[in-house]
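Down below are the structures I want you to see.
One chain, chain A, links the two complexes that follow: it is found with chain B in the first and with chain C in the second.
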Partner chain A sequence: MRITRTPAGLTQGSRTKGGIGESTLRPDGTLKVTGEFAYASDLWHEDMLWGFTLRSPHAHARIRSVDVSQALATPGVHAVMTHDDLPAATRYGLEIQDTPVLADGVVRHHGEPVALVAADHPETARRAAAKILVDYEQLPVVTDEESATAPGAPVLHPGRSDHHAGHVPHPNIVHRQPIVRGDAAAAKARTDVIVTGEYEMGMQDQAFLGPESGLAVPADDGGVDLYIATQWLHADLRQIAPVLGLPEEKVRMTLSGVGGAFGGREDLSMQAHACLLALHTGKPVKIVYNRFESFFGHVHRHPAKLRYEHGATRDGKLSYVKARIVLDGGAYASSSPAVVGNAASLSVGPYVVDDVDIEAVALYTNNPPCGAMRGFGAVQACFAYEAQMDKLAAELDLDPVEFRRRNAMSQGAVMPTGQVVDSPAPVAELLRCVKAMPLPPERQWETAGGSPDVRALPGGLSNTTHGEGVVRGVGYAVGIKNVGFSEGFDDYSTARVRLETVAGEPVATVHTAMAEVGQGGVTVHAQIARTELGVARVTIQPADTRVGSAGSTSASRQTYVTGGAVKHACEAVREKVFGLGRERFGSHHPAWATAELLLEGGKVTTDGGEVLASLADVLDGESVEAELEWRHRPTEPFDLRTGQGFGHVQYSFAAHRAVVEVDTELGLVKVVELACAQDVGKALNPLSVTGQIQGGTTQGLGLAVMEEIVVDPATAKVRNPSFTDYLIPTILDTPAIPVDILELADEHAPYGLRGIGEAPTLSSTPAVVAAIRQATGLPLRRVPVRPEHLTGT
Partner chain B sequence: MRVTFTVNGRPQEADDVWEGESLLYVLRERLGLPGSKNACEQGECGSCTVRLDGVPVCACLVAAGQAEGREVGTVEGLADHAARRAGGTSADRARQWRPDPADTVELAPVQRAFIDAGAVQCGFCTPGLLVAADELLEHNPDPSDADIREALSGNLCRCTGYEKILDAVRLAAARAAEGD
Partner chain C sequence: MDFLRPADWEEALAAKAEHPSAVPIAGGTDVMVEINFDHRRPEHLLDLSRIGELHEWDADGPDVRLGAAVPYARIIDHLHTELPGLALAAHTVGSPQIRNRGSVGGNLGAASPAGDSHPALLAAGAEVEAQSVRGTRLIPVEEFYTGVKRNALAPDELIRAVHIRKATGPQQFSKVGTRNAMVIAVCAFGIALHPESRTVRTGIGSAAPTPVRAGVAEEFLAAALAEAGCWDSGAPVPPSVAREFAELASGACNPIDDVRGSAAYRRRAVAVMARRTLGWVWEEYRGTQGRGTLCA
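Entry: the complex of A and B
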């Protein structure tokens, strides 16, 4: 089933083949299947050195001394750098510059970079780093709210001067955001049913497959060229240049192939380090993390503890919600403040509640730093509020979907922030869609021959019974995610579009700094250019810093914002073409002046279809170019006391139905099917949209039943930095994921589209856990759900 | 040490190989074949899957010296390998022709299917999956979904949720059956 309600007139331009709405194929697909696509870790340069990072074995320690002499004396080693060798700024950060480039006398988390080595072979660099003698004095660690805010707790960042320092209740709290609306206490007095719950989410890793890597090449002008896998070239640039003591124009960045991101490449990893070594040695330097190092090399999803209290009336209407969300930001701020804003403002979910009292905080601890990961604060909240919705439904003896339907928001609803949801919010419809899908057959392991196909059982080929203790459960969840950067951030993208004739054929060239990380932005840009300019051939230029910022490939924003910039740049080019045409041919035909003109099939036509001139004749050898910045409508910060404000530009919704089978004796879960319905506004590329939804859904499944970075609470050290012990879903763990796509246009967005990347990661996790609860009757307040939670052992 | 072996049907020689180097490192850094990927270097993700005398292995877990005198097949040789196996121009290869010059690269049917089915997103897992899927289809031209899942269970993908990868293998199998 597909519902299309895109209002007429939203799609401008032509209907050229390969335009928006078609499942055109990736322009980089051929290179990616032949192995020729150059990822950042594939780069090579003559005379290149390999960089390696020495990291702290302790979560909190004072560095008494560092002796690099043995490392420097190792044959093949060209340089060793510590904090003392830094030429300029010594700290960086996305929002708060609190992260040392190399440890400055103190390490605050396990794996913090302490020193750099450059050598002619990666193994030489690794062995030399092991010869660096660091004398550590271990310090007590803070690992949770209690220890971080206890009297006498070590303050991790004394003397804070950042813009959140003034309003937080304790210096180990990065940011605090309350949301207060209505009168929750008064509403409680009118409430029939109250449920409370405490929930916990472990630390999830983005686990992108392409490790952090890049190549820095020193240039003759004293600058550096950096080829890098990142999510936002210009944000990197803004942080790297001060560290190198160079003006931004001397740090030239080009995007290399990016092997996935999911938020984990928003912060710097090895960018500044490679440039420092390259400028120090005068030689090209490549740094490639291995998987072990990657677990320390990027921020993770905030683990969270959430306490919720929901009230409802006997007729199944939510009366109030109180919540307290504590996010563990780890040692450095990263994007914790924005994650707090999201968790707080989206804490109630896609439901109508007039009276709310919410508080979200992020902590500084000695745990690994946490920041952006797909879902960004909304994932943690969704797990908790959806568990609460099921609990309330059970208390009220209502079907969980029916209870959600009675409280589902729709267009015009008011968020707890006071913001009116001013585009479609088909929450009830999405739930109806997933509920209406046929259920997968039961006991699929049973075969005609009698012996079970154990591959279809929880546990698969090993660790499995023959299905004796297997029970089935079905669970539902729905979520709400903001799209784009929020809270007053100037969120814009730049696009440069050129139209010219090459060998008699019109060709459009699109140049942006958008980081293609696998999501398919390059596919969509070409589609937009075809639609708007009516040409078949589009060239996508490599992303680099020779063009203005395209913002981050995160917050589900790239198709909306950089796509919007490409669309508007194309429109500007189109107007210039019409201008040229009027100049050259206007006197030949009155329609040039009077008719609505279109660019279609390489020709200028009237809206009635009459051909006025070929594009080649209009251009006559000239090229037409436009470059512009495009912004979505502005947002505003949340009030620091009440959380009120027009904080988000757009909302995105998805719902899931999970069907699970649980072996209650072995504590094993098999997700049998994970159906998703999502409103995408307008599917610019339906194949890619489905791929995003299935991929996001699977990451939510991983969080539900297997994925967690385990941090020892006594030492704050990471215990499982490998794919042997940090498990992500394999093809055997991942079920069929049927997808239902709704297209309800948002009139504020280009083509009516809605950012889609994150919403499916939200409701997937609570749907799976709801299904396990239904199968087992267990309360299950923590994810990932582990075998011992199911067997009670 | 020097390692002499065959890669994608061509004799190769790597000099000054340190004893600790993996086959993956030699392919990527010494022979200029970076198609096999370095996602975990722990034998867990399958992104470096190559064929060693026809058997799929994680190249990161094979010491370079172990490849001495043997035949290695990587993603870069997949199209040639498929063409030799087919013994000529198959219907599928004929259908691959595209007017766009960027699309006229010779591809193995499984490579074409991965593109067409949308099984490629970031693409980092793709080379390993292609080698594994090609090997599966070589000995099992009509695999069930359970067969596909079992054969590809050693290859992690973080982007797609695997649905489109299943689609791609089914598509490659269906096209091969149609072309028979």
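Entry: the complex of A and C
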């Protein structure tokens, strides 16, 4: 890892050990790697029951009848619930309340929840669920744009009244967002070179390692306490309370150990189900999915079909871009509208082009529901526009990096939405960084002894080649991702910070509802408190709903927004401490009134370093607390006709260079190296930043060469819901990932930082595919690239 | 489900005779997955883990008598000289944890066409030692696989051991999966040279309802090598012979399209693996012989 720091004075280190800018270790790290960390699946309560979900075997069917009598009669079963047993609201959703808590006469996708069982043993619950008799009448399925919008196509959500219903061209289209700027038709007339391409992306799963799990405990006041692995406690709460018919204050939520998320925990899974069973039975109820069920229990990344047309002048300047992006949202809306907004507004990539004509839509189909996943609409677009950039470069006989450099945006550039990029956008510099890194040596499988090290070859230990048929390729890509919630969403976080002395030592306590899903927010919050309050000891309280919302652990936003809230709450605490100090000691020293005061090393000092008082003396047994909501500057919705608007608060950029070895005869790929350069504004924790970049890069590699939920187009049923057949990269598939970090401050953001979690997932995939294209000469329009694509079989 | 725990082999055979539908379990790497996925729910599980001799092997004769429950990890560590093809195949089984528990006996009992050890057993030449209270019989491995996940064991029989010919010549194993480790076979190929009989044996996995030998390819190759005097001269295999061998191996496949790969890809991949592994074993063989020039 190499860090290039901005010369600007905005970023600041900390004079307190363990503050921002240091690679402090995560507090849960050792527990996690030694297997001692308690995840939500480890939750246990005396006398608890186990919930089980009966799911639809069909993708689209009418439910004629449900007979639960045999299930209820099973010894050990405490309750069976169907749609008819729901006490209050029967639907929920992140943006559009279109998702049934339990199927209401129709199932719209394979694996949709139909009934719930609570029993004293998980196996009893499972067997009882198998005795529920559901009479299904199968209905025709819609699985793509053609079948969803054909005349007479079944309308999956008749009578829509959501706020997108009025402007979509067909009721099976969730949302449509055009972006029109300049005059693409006129620009086309003046253009020298035109390339078109059609691209396709399969359905990626978040594949978080800790499956959905939670424990609901009924309370004496008629409410419920829910311990849960989620990404956003308060969004869950907002959806669960109406389903239970309870006021929000009677649904108390505490974050449990979360084993990864990547967007897959933004929507409800078993939250409402466990609470319903707990309130129904009066007993604690735990629900934990196994891996098979997890594939049906959360939304996935939208599969996409993308059609692009790019024009350029002979001298290598983009003249116009036309694009149409069709995202398959599956049976329910989830976050499809926001994914459409992202895909449309980021569809051109980090390039300057004045004339654009873009349309993005998301469909309702009978495929599995799709929603948030790391990269969120920008991943799909990046795969296509970067393929187009390579095609154009080839057409113009330009080096792909040079062609990108000529069109790269920089600070001050205007997005297709009309938004001016008002912070550093070092796109050309990031490309230069990855290109400048030394290439890994050729033929690394060759050993002194003569027998090849197959681990360095495509196929690895499967021993498929000793070098035969192996060709190296190198590819580049760069991407742009928005940070934070966009399009006018009121995106804020709440933080409560307390400063007190414990056994004579100052201790800061930080309380937020931020979901720690593995991103390292708990590490960073402590670093911020140390830096701002000058104390060594910081306690991070468990995340729960006793404090206000921290927003979602999504959109690369938590360090920016909840980190920002913690920073500002610390500043408020600090001011209160100075106030107390002035009250108590102001008469002792004039500097209390005249000097710039600092909190450092447990003492109040002047900016000249003179100690005025110890924190313990200032506090004198009192505690000082501040709680506040902090929001980033507002954004605005995109115009529904032109897509113009200040839609995103911040942009994040990363570039990759992929080096691959391809076995051209067997169609197997070994990614040898995936170098990444990313601008992070300010690395609050360089080790965590590197981990995020390497993780995002690897997830992008998975999408490039193996990860896909395969859905049968005839039945809309999932064919590979297991880790036997849904493959994610192992360590032997994970290449060396050298990382180059730039720190160019964004003056609008706390510490100048930039959200980092998603950008590396974008460009990783197209870089790998570009490298495979270079090695094979094949067009490769679809990811994941399969051996069949590389061998014509 | 009843869990039977025989203390020794005689008790195990008695239990299997009494409960012919009992499913034997040793490492559990296959059976437990099936149970967890609810693919099967046997009335009885017959736990063989207390029977020490199933974890032992005897390499004194011309064969290795490999106890049914010897884990793959021990084959890799201790038997790679005698059983190089099987050791290579064992390397490709699952993860280190799986290799510490899984065994060839389990692979044979499950008789999945995708089992990693089958091509190596077919290529080396092997017999399955099946025992019951009625006695012992040796089943040639090519007669052992009778259908998808079906084998030739009688309901009261258990696999005691596998008798595998010790290598007298080079052996190789290749497996295609769409990941570089811990992957189920899309298809696999094993090859063994038997210089003493001047024969070549092969095994194909995951490309037909059962593991199969590519018999026509074996006969073609043996004849071509003999005719050209390659066994004596140690000359390279002519490219045309290698190509024909690969095509005939591919022709021995009867694959399906499934979520792991297309039938056409499997045919193609088996041909490529056959050609390459033949090249590797022959190069190794030549290294032990005088290096002749290209045989005609």
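Everything below uses one rule, namely that the second predicted complex is superposed on the first by the 773 of 793 C-alpha atoms of A that agree within 3 Å, B and C clash if a C-alpha of one lies under 4 Å from a C-alpha of the other, contacts with A are read in each partner's own complex, and residues count from 1 in each chain.
Note that in this section a contact is a pair of C-beta atoms (placed from the backbone, for glycine too) under 8 Å apart; a residue touches a chain by one contact, two chains touch by 3 or more.
None of the values given here were measured: they were computed from a predicted structure.
Novice: Could you figure out whether chain B or chain C reaches more residues of chain A?
Specialist: In the superposed model, B touches more residues of chain A.
Novice: In the overlay, answer first, second, both or neither for which of chain B and chain C A:466 touches.
Specialist: Only chain C; A:466 stays clear of chain B.
Novice: Based on the superposed arrangement, let me know which partner A:791 touches: chain B (first), chain C (second), both, or neither?
Specialist: second
Novice: Please work out whether A:29 is in contact with chain B alone, chain C alone, both, or neither, and reply first, second, both or neither.
Specialist: first
Novice: Check the residue A:290 against both partner chains and state whether it touches chain B (first), chain C (second), both, or neither.
Specialist: Both partners, chain B and chain C.
Novice: Looking at the overlay, does A:720 come into contact with chain B only (first), chain C only (second), both, or neither?
Specialist: second
Novice: After lining up the shared chain so the two structures overlap, which partner does A:730 touch, if you call chain B first and chain C second: first, second, both or neither?
Specialist: Once the two structures are laid over each other on A, A:730 reaches both partners.
Novice: For A:458, is the partner it touches chain B (first), chain C (second), both, or none of the two (neither)?
Specialist: second
Novice: Take the contacts of chain A with chain B and those with chain C, and give the residues found in both.
Specialist: 290, 292, 455, 461, 722, 724, 729-732
Novice: Applying the document's contact rule, which stretches of chain A touch chain C when the two form their complex?
Specialist: 126, 290, 292, 455, 458-466, 468-469, 665-668, 670, 705-706, 710, 719-720, 722, 724-725, 727, 729-733, 786-788, 791, 793
Novice: Across the complex, what residues on chain A touch chain B?
Specialist: So the residues of chain A in touch with chain B come to 23, 25-30, 32-39, 41-42, 44, 121, 123, 206-211, 257-262, 288, 290-292, 453, 455-456, 461, 517-520, 687-688, 690-691, 694-699, 722-724, 728-732, 734, 736-737.
Novice: Touching residues of chain C toward chain A in the complex: what are they?
Specialist: Within the complex, chain C touches chain A at residues 36-38, 88, 91-92, 172-184, 186, 259-262, 264-265, 267-269, 272-273, 276, 279-280.
Novice: Taking the complex as given, what residues does chain B use to touch chain A?
Specialist: Contact set of chain B toward chain A: 18, 20-21, 28-29, 32-42, 44-45, 47, 74-76, 78-79, 102-103, 105, 107, 111-112, 114-116, 118, 120-127, 130, 146, 148-150, 152-166.
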